[in-house]
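Per-chain residue numbering starts at 1, and chain names A, B, C and D are given in the order in which the chains are listed.
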Amino acid sequence: MDALKALKQFSRNPMGVVGAIMLSVIVATGVFAPILAPYDPYARVEVTDPAKEILAPPDEEHILGRDDAGKDVFSQLIFGVRVSLIVGFAASIMSMFIGATVGILAGYYGGRVETLLMRLVDFLLVIPNLPLMLVIITIMGRGILNMILVIGLLGWTWMARLVRSQVISVKERQFVLRARSIGASHFRIIIRHILPQVVPIIISQAVLDIAVAILTESSLAFLGLGDPTLVSWGTMLNYAFARAISRQAWWFLLPPGFAIVLVSVSLVLIGNALEEIVNPKLRTHHLFDPRKMVAAVVGVGVPLRVEEMME
Amino acid sequence: METQPILQVQDLYKYFPLPRDILRYLARKPARYVKAVDGVHFTVSKGEILALVGESGSGKTTVGMNVLGLQKPTRGRITFAGYNVAEWAEGLGPSLGVERLENSGIDLARMSRRERIMALRERALMIFQDPYESLNVRQKVYEIVAEPLVIHRITQSREELEELVRSALETCGLVPAEHFWHRYPTELSGGQRQRVAIAGALVLNPTLIVADEPVSMLDVSIRAEILSLLLSIRQEQGVTILYTTHDLATAGYFTDRMAVMYLGRIVELGPTRDVLLSPLHPYTKALISVIPTPNPAQRNKRVILHGEIPNPTDVPQGCRFHPRCPIATDDCLKLDPQLRELTPKHEVACIHA
Amino acid sequence: MAILEVRNLSVEYLTEDGVPLRAVEDVNFCLEEGGSLGLVGESGCGKTTVMLGLLRMLPQEGRIVSGQVLLEGQDLLQIGEAKMRKVRWKKMSMVFQGAMNALNPVRTIESQIVEALRIHDIVGGASEARQRAGELLEMVGISATRGREHPHQYSGGMKQRAIIAMALACEPHILIADEPTTALDVMIQAQILELLERLKEELKLSLLLVTHDLGLVAEVCDDVLVMYGGRVAEIARSSAIFNDPVHPYTQRLLQAFPDVKAPDTPLVSIPGSPPRLDALPPGCRFEPRCHLREDICAQRIPPSIAVNNSHLAACHLVGRES
Amino acid sequence: MGRRNYMIRSVGFAIVTLALVIVFNFLLFRIMPGDPISILIHNPRMTRESRERIREDFGLDKPVWLDVERLKAGDVGGAFDTQFTAYVRNLSRGNLGVSFHTRRDVAELLRERVGRTVMLLLGGEVVAAVFGIAFGLLAAWRRGSWLDTTILLWALFSWALPTFFLGIILLLLARGHLPMGGVVTPGLTPKDGLVYYLDVGKHLVLPTVTEAVVVTGQYILIMRSSVMEVLSEDYIMAAKAKGLNTLQIMRDHALKNAMLPMVTIFALTLGIMVGGAIQVETVFSWPGIGRLMFEAVSKRDYPVLQGAFLLLAVSVVLANLVADLLYSVLDPRVQDK
């Protein structure tokens, strides 16, 4: 399956397209944050009218109101995109590389290498992640770099398992044996013959991993472990929950939460669409009442490709 | 035909250890083995086509893999072009007296392990059963055929590379080559894919080709084409072919000699015509009798063997075929028959033959 | 008397782009009561589609465009799904291609046979059903006690036997066997074939054998239907097909089929490859590969022409020379 | 390899994992930069006694792993008198140290609270499993229909929802209808009988729902694709040819086969649920292990953090062991693997 065909298939999945559009808007927001944000998110706004409270609901000056420190919520929200995306992408790229490498090495070489690597994976998999991250960040100190490292270094286990199982099935295939029989080195076999087969799966999993990383970052920040020098949605919620919930300051509480949901939903929609393309088993099944087919006639389900039918 | 042996397989054994059960391990019981190949020898002359026929589990494919040095024999010696393949592939250094690969002037003794493996891979190649599986669908036809040339650094020039690929493709009947080489395997029919696979081996000018069931996945109407392609390659380039198959009928059409395998052993070996028309071993006889023929008038008596091929971890004592043999006697339980020449060049491993 | 008659059956598949592709077109045949018909053709010729169509078990993308499937006079394409379920297995059962996968890996063999019995109310109690399942297994040469095992404990040949036992559980009138021996070794193939032939006689089954293996058909079938590119090429008594084939495709196919007992006969191949469904030739489907083609072959789809009252061939050249 | 082998292997792996967890936990608080214990020792607010007690508990005057000097001197037994062995010894006695903040025994603190967290996890897991399996099955069965699309969207959405935020929303929505936090209305005791338990039940609703939603989406997605994979198998086709109706096929063939991989998934997601519990307990002021951890984080109460983490890790490892053993009993194919 070449990239063009995959793109065509992707464009047929409405959920995936919606997700992709959402994500592009979000990324653009992050890139142009300084232009889009009306105020400095780190600076408290002078409250000129003494009749107004510092923690104020939306008005014409502040479309999402002010927080209890007098900062513009909307501007914080816009700058929060950056932390989420940076942590999400950086951590998931890290875990993608670690996971894919471990998965490929374990799957391809088998034997002791595999046993050792997969035991490590299983070990990390059963250790509850969030508590572990909590402990590590508490000890190492808060900061965006530590956040990325912790999420990236602990979040590659699924990727490794997925890639390994895929590599195992690919390496049993005849074209790999053929490559060996014409004298291809292990390196060449891995790069030229195995990697192209597993890249689609790696990508679809990596997209989901970005969402996981973003969710994890927000949870940790909410629990008070966010970078104290940066505006992040999780940190906003941490403050809001501590100080604003009793005062029903919904404008402070809801926007960052929905922003997180928006980002992760967009990624999940994309990831799900990719997975449907990658896993052909999700396409056919035998339970179907033929009379319904006659009734529906066109456009139901995911039809077969011509080559599949010929076989 | 010239009878200069190019490939000699002597006393080949290939045992695969079964994954060790923890309890057995703790109890220090010996590891168990799948005896895939259990004492095989044969010789192939230069330019000859030998069929290795047998049912699944007979060990025919394993023999092929060992011949190519893709697996290491448990015991025994495979000599290809004067060199011990197992040591060659493993890089353990040359054995036997022959120091030079014939006509090539290559001194194997001076090569590194990797170089030795490459020298073997360049000369002995494999064609696989399933052209849908043996080609990487993400490579274009050109890349598939050119890959061996690139790996073996046959040429540096683009033009020469193109020329070699073109000639290999056209030899294999994909004319004009330009029409095919920008395509992906999925855009080709089964027969065309198998031609691509053959071209991908031929491009290196191999001395030996191991063809593992090259037509069994193809439609009947295109099998003959592929078989005659293999024949013409032998004719024109003097390639030696080891054809492993379960299909006696296709083997009958284009091989010179035939070795019938059962449970890791050769039970009958002889000129193809002789083996098919006057089989000596009861297993061969039964096998030939049950192959369906497209001729209702010819429905002759089938000799159906009951049961299935025994598990290769527990090979029967004596003659390995005796539990299913229609003519077995008490002697068969005791004696493990070896191949003996009954009629000229026609060998059989049965005490009753 | 015909127990099963198929008239003008056409089946289409829908591609991703919503384009319908004709996989089977205008197929007609009869299966005589107690007879055996071989449905032969190469991959992609539509034989499996025909078989799935008979049972109304086409995949989601497929639909029957037209035709009738008359089982003992009743059109199966007109009845409701609930009634159709009663037809499946009870009247027409099938032995699948790739026995390995047709058994549920997490259930015992016995329970899967019992299931068939109970769905169709063949037996009353559970113990009676198990008893019967045991008998069925014994009938195909598997000891009844092994019914408690799971499929992975069986060898390939045994799985295929178990499936045959399961197929015969409800004493069907018609047995459809789709490549029943393809994945098996020659000797096991022969065993299964022998079993099928024996059971066919004993149980007075009508057999529809779907296969690519002409040899198999020659051994087993009274009548043969040769399909090519979704259409019937030739249909006749077995002896006529093998001794006096009329259609050029049948002729060539027979010559391409190696005979182990005659290794000296030259092997013929048919140039080119079977047509793709999305690029069917406008005239005769075989025209591009035919050694006898004429201008008309590329223009018009040939009608079925009777060679004699039991022999039909869809070729413009039939009856020309004589 | 038989089933027995598989079981031995699972148990063996669990033991190794537990040992690693203990070593890891020991390591975490000593090797990390900033070494919490030394920070602690230098804490001027500490009394002399508690400093001594900590010194003794942790064996801080001893080497970390192995006393090489004593080993060289031939004192093999004494060579193992180290911080690590002290840690293991304490652990085996159930001594997890003393909370810096409350000065209470950590083991006791955990014991007090563990029941409440188990209640939450169990409730959440059951609710999630029931909904996940039911909706996953339904979606796969009706694949491509509006029902499938709706379920799929809901599953993806709930998967993408941060747990704590869901908790906050529920908190805002339920204001005035359900209790906002805590385990029980102050003043009620178990002596009040039914009223007490009903009250606890009411307090449980929101946390359990939140906890369940964390993984329901995941369960639906996995179940859906698991069922869809099963439905593409040949034996489903065979079952249909046998004359089974759709309901029978789903019940007798698809469900069990698709459920098998779920057994492992249930245990694996427990780790995620534990993470969820920290957030849920924080949002709903539910005094369980999670809330304890949250408080320990903000107060840098390392012994509590260490103890709570150990408890959670060990529980998840054991749950996975149980799932593994269960799987080997349920899947007849294990004998072949």
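Simple rule for what comes next: contacts are C-beta pairs under 8 Å (C-beta built on N, C-alpha and C of every residue); 3 or more make two chains touch, one makes a residue touch a chain.
Everything numeric here is computed off the predicted structure, so don't read it as measured data.
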| item | value |
| --- | --- |
| Innermost chain, taking as reference the mean of every protein Cα atom displayed | A |
| Interface with more contacting C-beta pairs, comparing C-D to B-C | B-C |
| Distance between the centres, which are taken as Cα means, of subunit D and subunit C, whole angstrom | 54 |
| Chain centre separation in whole Å, for subunit C relative to subunit B (CA means) | 33 |
| Distance from the mean Cα position of subunit C to that of subunit A, given in whole angstrom | 49 |
| CA centroid of subunit A to CA centroid of subunit D, Å | 22 |
| In subunit C, residues with contacts to at least two other chains | 43, 57 |
| Shared interface positions of subunit A, touching two or more other chains | 284-286, 289, 300-302, 311 |
| Subunit D residues counted as touching two or more neighbouring chains | 237, 240 |
| Contacting residues of subunit D [partner subunit A, same complex] | 13, 16-17, 20-21, 24, 28-29, 32-34, 36, 140-141, 143-144, 152-153, 156-157, 159-165, 168-169, 171-172, 221, 225, 228-229, 231-232, 236-237, 240, 246, 249-250, 268, 270-272, 274-276, 278-279, 282-283, 293-294, 297-298, 300, 305-306, 308-309, 312-313, 316-317, 320 |
| Complex contacts: residues of subunit D adjacent to subunit C | 233-235, 237-245, 248, 252-253, 256-257, 260, 331-333, 335-336 |
| Of subunit B, residues touching subunit C in the complex | 55-56, 189-192, 219-225, 227-228, 246-250, 252-253, 272-273, 276-277, 286-288, 290-299, 302, 304-306, 308-309 |
| Footprint of subunit A on subunit B - complex, ascending | 68, 70, 117-118, 121-122, 125-126, 128-130, 132-136, 138-139, 147-148, 151-152, 184, 186, 197, 200-201, 204 |
| Residues on subunit C engaged by subunit D in the complex (per definition of touch) | 55, 57, 82, 85-90, 93-94, 96, 98, 101-107, 115-116, 119-120, 150, 152-153, 163, 166 |
